[in-house]
Structures are given as C-alpha cells and as structure tokens.
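What follows are several structures.
Below, chain A partners chain B and then partners chain C, in two separate complexes.
The block that comes next holds the complex of A and B.
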C-alpha cells in the first residue's frame, strides 16, 4: 500500500491542456472535495472530545458542578491526585502494563504458532481452523467475557468441577475473581482468545511472502526448522511482527469491557482496575469527572506514544521496500 | 501449500491443530450449551452431562424468555436497535471511506500519508475518553438516548478503520483498465460498471463486514449514551437482564441472547471467510 502511494496517479482521462483553466483548477480541488466529508466527521468526533476531556481534567467537576453548570478551574490538582499516592503506581499501572505485556506476548506467540500451523495444514483443515478463529475474533467482547466468567464461576464453573474431580482443588472451591493475579490470568485468557485470530491471520498472510527457495537452500545447508525460523522467517517478517506487536499493545492497553464486566471490575474491587476502568469508575460511578478525565488524558498520552512508535515502524518498513 | 512435508509431519500438524481449535471453540460451545439449559439444569449439575457442560434435557426455554417471555420487552427492542444502528453506521462510514480511499488511491495530491496516519491515530484514541464529553454534549443537544446519538459515535469506531482498509484495497485496483476499456469503445459509465465496480466490490464488501463487526461489538457507547429501549443495543441490554425470579441468575437468558447476536456474525464469517481474511490483512501487512 505504501509503495503505491508514491506512484504517480493514473493519467487523466482527457488531456488537461485541452480543457479550460477553470476545470483544471476544480481538478486540483477534487481530492479535497472527496475528503471533506470523512475528514470533517473525524475531526468533529475526535477534536471535540479531546478538547473537552482536556478542559475537564483541569476542573473540579463533580455532581455539584454538574447541577450548577459552573465548574471550577483547579489547575493540575486532578493530575496531582491521580499521580500521587500508591494507588496508581502499585495497583493501576502494574495492572495495565503487566497485563498488556503478558497479553501481547501471549497473543503474538500464539498467533505466530497458529500461523505456522496454518501454513502446514491441508486446505480443508486450514479453512476449518481459520473459520473457528474468525468466529472467536468476531464474537462480541461482551459475550466472550460472560462465557469466561461462567467457565471460572466459583460455584458452578466447569473449571472448579474439573479441578475438584481431579483432586487439585479443595471441595470448598476458590473464588478466582477476588484475587488480583487469578483475575488477570482469566482476563489474559479472554483477551488472547479474542485477539489471537487477527494476529495469526496477518502473520499467515505475511508468511506467504517469504520465498520458499530460501528455506530450501537453508535446508540443503543442514539448518533445522528452528534455525530456519529464526534466521530466515523472523528477519524477513520483522515489519509484520512489529505491526502486530504494536497493534496488540494498543488494544491491550485500552482494554475496558473485558475487565469492567468481570466480577469486581465494575467498581467494587479497586484492586483489579486498569487505567481505563479507573478513569471510567472515577467519572461515571463516583461523579469525579475531573479526575476521570485526567486519567483518560494520561491513558491517551501513553497510547499516543505507542502510536508514534507504530507510525515510525511503518515508515521504516517503507524505506526497506 | 508446502509439498516437501512428509505424511508423518502432516499428521502431527493435524494433531496439533486440535487443541487450538478446542480452545477456540469452547467458549462458543459453552454459550450454546448454557442457552439450552433449563432453570433446573442451570442450578443442578446432575442434570447435565460431560461435567456440567451439556444439558441432558436441552430446552428452548431461554429463547422463549428473550423473544416472548420476561426479557422480551428488553431484548427485542435492543436487537432492533443493534441492527439499525450498526447497519446505518456501517453504510455511512463505508460511503465516506469510499470517497476518501478513491481520492487517496486515484488522485494525486500532497498529504496522503498524513490522512492515513490521522485515521490510524483516531482509531487508537481510547473510547472511555470520549464517553464523558459526548454524554454531556448529547444531553445538551437532545441526542442522548436516540438512535442518531449512537450512530454518530459509532462512526468514530468504524470510519477510521474503513478508510484504512478500503485504501489498501483500492490501491491494488489496476485503474488503468478503465482507460483500456474506454479505448476499446466502452463509455465511461460502462467502463466503471463493467471493469472497476467488480474489482472494487470485494474490498468495499469486506470493509463493510469489518466495520459492522466493530460496531456490533461496542459496549461502552451503548451503555453510557442510552437509558431506555429507544436506542439501547444488545451488548448493553444484557446487563439489565434479570432471572426468572429474584433469586435466580439470568445466565440462561444472557446465553440465549449471546447466541442470537453471535449467529449473524458466524454466518457472515462462514460465507465470506476468504474476503474477511484478505480485508484483515491488507491494512496491516501492506500498511
């Protein structure tokens, strides 16, 4: 896609010189006429919330201010409240960052393995695996989360029953959702399940661009599959791996519904909040819109940095081509 | 794909794909099984086989609850809202994205890369940061809890994605063929209809499916920008389900509703698997 950006546009249908100048000028404006609609929609939908949420983050905006309509400017107080104290640094940030790191690593590793598997399957089995993966990808996150919660239900979930039957769990059971670590282990299972199909299919498509002769030649030289993967596939596929890693990072940093809909994630268990949930609960549940907005701005800044890395990775890909 | 594999390796590969498929499929099967359990089977594991998994006595009770029973006044409007909101949002964003993608792939002007980068950056903007501002604005302008009030924010989810995917597709179209057809005597309408439209259709179609999935998936906008059956969509409505009595969980009804909202997705996936794969990968790999 990026390569064709630099190619000249298709020749004009009629020689431009044969047309009056007015028409030619309208030609120069044509891209912007086409772009005006989409760009206006994007600008409106993006700029308004960004400006508004930034303004809110500098205000005291609670129930009282909602009713009076007169918010008070309090400078950086909301940021101070969010950034000071242990809660952000010991609970929310580790929840966000460690969860994202584990989920990204899991998604990319599993996606790669499934992609390699797909490459070696026969057409029928491949269609079956891709089909079930696509259904998992398209399953709404809300319903997906409900299922994982049921599977791990402390009373009647299949996991509890299986573990008790195997003698690996005491009959009184265990509530996995109250403990932060097991809560996030379930969230990781859910998010990887939902996220790996996209990664697997992207990497699978990328694998088909690796010339087979390279593998053949390396094989003749005695390189085993493991060696060939690291010495041929990985270097050639570096841009693809960069793209899927950064995309997953962004998705997993802003995971919201999957946490919020788990027991305790809706505000009752502050131990399990991530940045998104914390922002949401502060705003919507506690009516501290100023604080919630400040946290949202912090999350946006983190995502912005990752996006910039992503864009740079894409441009580097251009230069390679 | 690769011919140099021994039968033994192939068999191992087939074996290896089994756990992947099981892990992928279990949540889907689990919803289905739960939706077929009656109230007694949900409460009593002995009424199910395979370790509380499949009901011994499958029943459509839960589907009756959501379509004609206790949850129907919640579910039916939500399903209608979901369909309307997602279809309209998809239609608008695909049409707008077509203008954009056409300009980017066909016309020569500076700033193409900037536009694509902006579209990408927008899709990374966290939804929770948009909810509070939109909530306040929608209350002021009267869009709160209306269908358009949900379609507009859904465009923020679907439009950047559509621009990104469709641009990738349109740049693969050999536009010179349009001229070639005209040289051969076709009118410009014929050239568009017979040459360009068939080439562009799969991309447009795939983009529409991906955009639809994204909108269908939304929970945050729908649960915060709606307050009644006027516009609430299914993912948000699930939270309002209640059990048959005060003391029972609405698990069965939620499962049945989840099956119903997943069915269109499954049908689309099975029918258009190849196209979706092409659409998913065109944006990222060739990005």
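The block that comes next holds the complex of A and C.
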C-alpha cells in the first residue's frame, strides 16, 4: 500500500513503427480514456451520494417531506441539533473515538506479537497459523458479532456461567449489553479479534524485509531481543506500522454491523451509538434524514482528517526512501 | 528456519536466557497452535451451535458443548428456499463486483504506474481518499440515487455500489505491483514484436498475479461480507445477500439460532474455496502489496 506517488514514472514509449500517426493524436486523451472507468464509478457512486447527503443535511427532511417531496432548507439547524447538548460530546464521540483508539492499539500490538511469533515458527506451523489468520479475517462481521453476543449472553452465555463458577459474578448475573462500558468492552474484543489476524500477516510480511545482517551485527554487539526490536525492527518498519495503524483507524471509525447487531445497538439503547449508528438510526429508523445526514457529514469530516494524516504519512515515507 | 538460524540460536547472547533457549523449541509451537485456535474459535462456536437445537443454545446456564445434539440443521438450512436465494444473491453480487473492480482497476493501475501525465497525482490521491468513505455515512445518498434510477432491490445497484467502495484498494495494490516491474521487461516484449495490449496481457498480468490475487480476495471478501448498504437497499427478502438474510433467523418472530449458525458456516465455504484455489499466490501478494 505504501506506494510512491513521487517516483518518476517511465516516459511514454510508443513504438513508432507500429502505429505512426494515430498514436500521437490520441496521446493526450488516452490517459483519461483509460481512467474514465474508475472516475465514472467514483463520481457516480461515491461523490454523488456525498453531495446528496450534504444537501440533505441542510434540509428538514422527515416523513412529511418524503411524501410531499418538497424538503425545506433550514440552514445549519440539523448541525445545531447534532452538536448541541451533551449527547454528541459525552456519548457518541467517546463511543467512536475512544473505542477506535483502544481497538487500534489492541489490534496493532497483538498483530505485532503474532507477527514476531510467526518469524520463529517452523514453515509448516507458520503456514497453518497464516492460513487460520486468513480464514479468521474472512469471517463476516455479522456472524462474528452473533458469536460474541452468544458468548456474552446475560442468561445463557458461557462467560456468565464461567464467572459465576469462579465466584467472580453474583448468581443473579449482569447484563453486559445495557451498560455502556461493558457493551464496548465486548465490541472491542469483537473488533480486535476480527482485525488483528490480518494485521499480523501484513506486519510479518514487513518483518521479512528487515535485513538479517542488522540483527546479526546488533547481536554481536550484545543487544538483546528487546533492544533489537526497538532499535532495528521498529525504525525500519515505521512505514508498515504507519500504514497498518492508519488503515485500522479508518476501519474502526467505520464500524457499523458490530454495534448495530448487538442488543440495544439497533436503536433501543442510545447510550451505545457511535457516529455511524447514530446517523443510520436517525435517518432510517426515525426518518430524520436531515439530522442523520448532518451526522454522516460529521463522520465523513472526521474520516477525512484521518485520511489527510494517512496521505501525509505515505508521502513522508516516500521522501525517505 | 534455515541452518544459519539454528547455528545462531545456539550461541548464548545474554546470561539468563539460557533456560528460555532450552524450552523455546517446545513453547513457541504450542503458543503458535494456541494462536491459530484463537483465530478459529468463532468457527468452533458456530460449528458446535449448528449441531444442537435452538432451545439448547439459549438455555441457561450456558454451555459450550451441546447438551443435546441435532444433526439435521445443515439439511434444514440447505432445504430452505430463503437461504438458497440469499446464497444466490451473495454469489452473484460478490463475483460480479470483483470482476467489475478488476476490469476497471487494471488499466487505470497500469497506466498510472507506467506513464506520467497531468493530473496523475491528483487521480491517485482521489482514489486514495475514496478509501476512507464510510458506507454508513453515504447510505442515504446511495439509496436516494438508486431510488431515483428505479433500481432499489436490484443486483445491479448492489454490484455497482460494492465495486465503487472497493475500487480504491484494488487500484492501489495493482498500481504498486505494476510500478515494481522493471520497464526493461516490457521493452524486451516490444522488441519481440508484442503490441502494448499483448504485453499487458501476456507479460505484465502474469507477473502481477500476486497483486491480482490480493485485489480479487480483498474485493470478494468485502463484497461477500458487506452489510449496511445491502441492509438498506435490498428490502425484498428474496434478494437479500447472506449477511442481511442471516439476521432474519433470529428476530422477534422466530428464534432459529441453530440455523443461523449453520448458515454462517455454509456462508464461509465459498471464501474458503477461493482461498484454496489461489492460496499459493495469496500470502506473497499480501506481503508484496502491502510493503512494496
């Protein structure tokens, strides 16, 4: 993914014998002919909906307007509604940002540990672990979430039974899904468990590019494994760590199914909404399309800022190389 | 592990690590197996729950192992017309989205890797930025768009939307691969009389196979697992893809946990088949694509 934008591309070479005249004429138009496909898809299916959502965010668009088809322009009222009061700042934003921070940290740390482990496994066992990591990565978020919901079920979950057996939970039990903190603890487990196998493979791939000689030399100088990791692996792997961290951040900010499909996440417990779920529930469940769109725009802006950091990180890596 | 590694491992580096060195050959494989088991644990839960009646799954106190076995859940699910139509939708949508992404991304990635032209950097940045778009944030706009085109509930709408969200990643991966192939290889093909198209098809594409494999896998899995757009767009029960369809096994009206888990197991089979088919190229593709 860390691909260079700045590296000089090879100059256009056209075989003069093969197509003498037509080539020169079509030369200027040709790149855009070949790029027309992606541009069309991006403009039609991503940029248009963004514009549509942005326009909606400045309108009163509820059930009445859906029927009449005549939305009313209300300026910043939807944003005012979203931004005023404590709900966004004390509930939704922490649910989005703190959750993502914890999940990203957990994903990258665990992924790194597994990647280091992979380096020290024999080829057959390594292939086995990588294979299971790929299968784990392919697990749909929807089914993964059902598994976690079942494991933590307040009545028939195996976690409840285990904790009661260990004397760590009162026999009357505890509903983890109604409490915001424990709800998100489960969501974090779900998201990290889903995310770190793939991150581990990517970091493992990066580790194999670190020259063995550096470790040899440091070893001769008496550096232990801990020291070698921080002084050799981490600096050399900075581009890889940057990419996996930022990609995980973008993914974890976009989490939807993992929250929406947990008890209460589909609208009945506003305490557990993140930005995406709040936007979806406002629009689709409550028919407040204007408010939902304003929240969606806020989410997009947050993601845009993260992407800027991502792009800058990529550019900086390229300058270093 | 090479012979060199083993030689190096014998050499004591620091005192105190000698005991660790002795147990390491036994401890590390065990940890490796445990990690693999943790990775696959959700599948184990789904499999165990697929072989027990729904009432046993939700009976308190909980139990990981079935207290009562039920062997016909898979045949129930496979005989369920709803499930078969969800499976059909998922197969059509994921396969078509993947094909579309590859067809659109390959020329763009090749061209941006090989030629400099005004707007090239802007194009690559645009592609990169679309990677951050959240389907949840756009879903209302997407719905309105397909509604205006009278295409809500159609495969085409879902295929195109999935393709749009996965185009960026495929283009970037392939761009990286095309960039890494030396220009000389192409020149040699030219000298041998290949046209540019033939070179792309006969020389470049085989060399970028790991990149193609990565792009295919990423797109297929993303389209196969996509939830929020399908949830909003596919209202007709028979046209829902698997992730949305599966949720109808456990609702206020029916509680078929057994079928939900059995269907989840079946839902992973096409992806595992895809892994098996292109397994050899896959890890190389992930590695090369992600770290250049």
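Criterion: the second predicted complex is superposed on the first by the 299 of 321 C-alpha atoms of A that agree within 3 Å, B and C clash if a C-alpha of one lies under 4 Å from a C-alpha of the other, contacts with A are read in each partner's own complex, and residues count from 1 in each chain.
Note that a contact is a pair of C-beta atoms (placed from the backbone, for glycine too) under 8 Å apart; a residue touches a chain by one contact, two chains touch by 3 or more.
Source: prediction; values computed, not measured.
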With everything superposed onto chain A, say whether chain B and chain C fit together or clash. clash
So, does A:67 touch the first partner chain B, the second partner chain C, both, or neither? neither
Pick one for A:205: touches chain B only (first), chain C only (second), both, or neither. both
Quick check on the superposed pair: does A:41 touch chain B, chain C, both, or neither? Answer first, second, both or neither. both
Just to be sure I read the superposition right, which of the two partners does A:224 touch: chain B = first, chain C = second, or both, or neither? second
Quick one: is A:168 in contact with chain B, with chain C, with both, or with neither? Answer first, second, both or neither. neither
After overlaying the two complexes on chain A, where does the chain B footprint on chain A coincide with the chain C footprint? 1-2, 4-5, 8-11, 13, 31-32, 34-35, 37-39, 41-42, 45-46, 48-50, 52-53, 56, 114, 117, 120-122, 125, 128-136, 138-144, 146-148, 150-151, 156, 158, 161, 193, 197, 201-202, 204-206, 208-209, 216, 240, 243, 250, 254, 256-257, 261, 276, 279-280, 283-284, 289, 292-293, 296-297, 299-300, 303-304, 306-307, 310-311, 314
Residue ranges of chain B in contact with chain A within the complex: 1-2, 4-5, 9-10, 13-14, 16-17, 20-21, 23-28, 30-31, 34, 42, 45, 51-53, 96-97, 99-100, 102-109, 112-113, 115, 117-122, 124-134, 136-137, 152-153, 155-156, 159-160, 163, 167-168, 171-172, 175-176, 178-179, 182, 188, 213, 216-217, 219-220, 224, 235, 238-239, 251, 254-255, 258, 261-262, 265-266, 268-270, 273, 276-277, 280-287
In the complex, chain A touches chain B at residues 1-2, 4-5, 8-11, 13, 28, 30-32, 34-35, 37-39, 41-42, 45-46, 48-50, 52-53, 56, 114, 117, 119-122, 125, 127-136, 138-144, 146-148, 150-151, 156, 158, 161-162, 165, 193, 197-198, 201-202, 204-206, 208-209, 212, 216, 240, 243-244, 247, 250, 254, 256-257, 261, 276, 279-280, 283-284, 289, 292-293, 296-297, 299-300, 303-304, 306-307, 310-311, 314, 317
In the complex, the residues of chain C that touch chain A are 1, 8, 11, 13-14, 17, 24, 28-29, 31-33, 35-40, 42-43, 45-46, 49, 57-64, 103-105, 107-108, 110-117, 119-121, 123-142, 144-145, 160-161, 163-165, 167-168, 171-173, 175-176, 179, 183, 187, 190, 195-196, 221, 224-225, 227-228, 232, 242-244, 246-247, 250, 257, 260-261, 264, 267-268, 271-272, 275, 279, 282-283, 286-292
Can you name the residues of chain A that touch chain C in the complex? 1-5, 7-13, 15, 18, 31-32, 34-35, 37-39, 41-42, 44-46, 48-53, 56, 114, 117-118, 120-123, 125-126, 128-144, 146-148, 150-151, 153, 155-161, 164, 193, 197, 201-202, 204-206, 208-209, 216, 219, 222, 224, 239-240, 243, 250, 253-254, 256-257, 260-261, 276-277, 279-280, 283-284, 289, 292-293, 296-297, 299-300, 303-304, 306-307, 310-311, 314
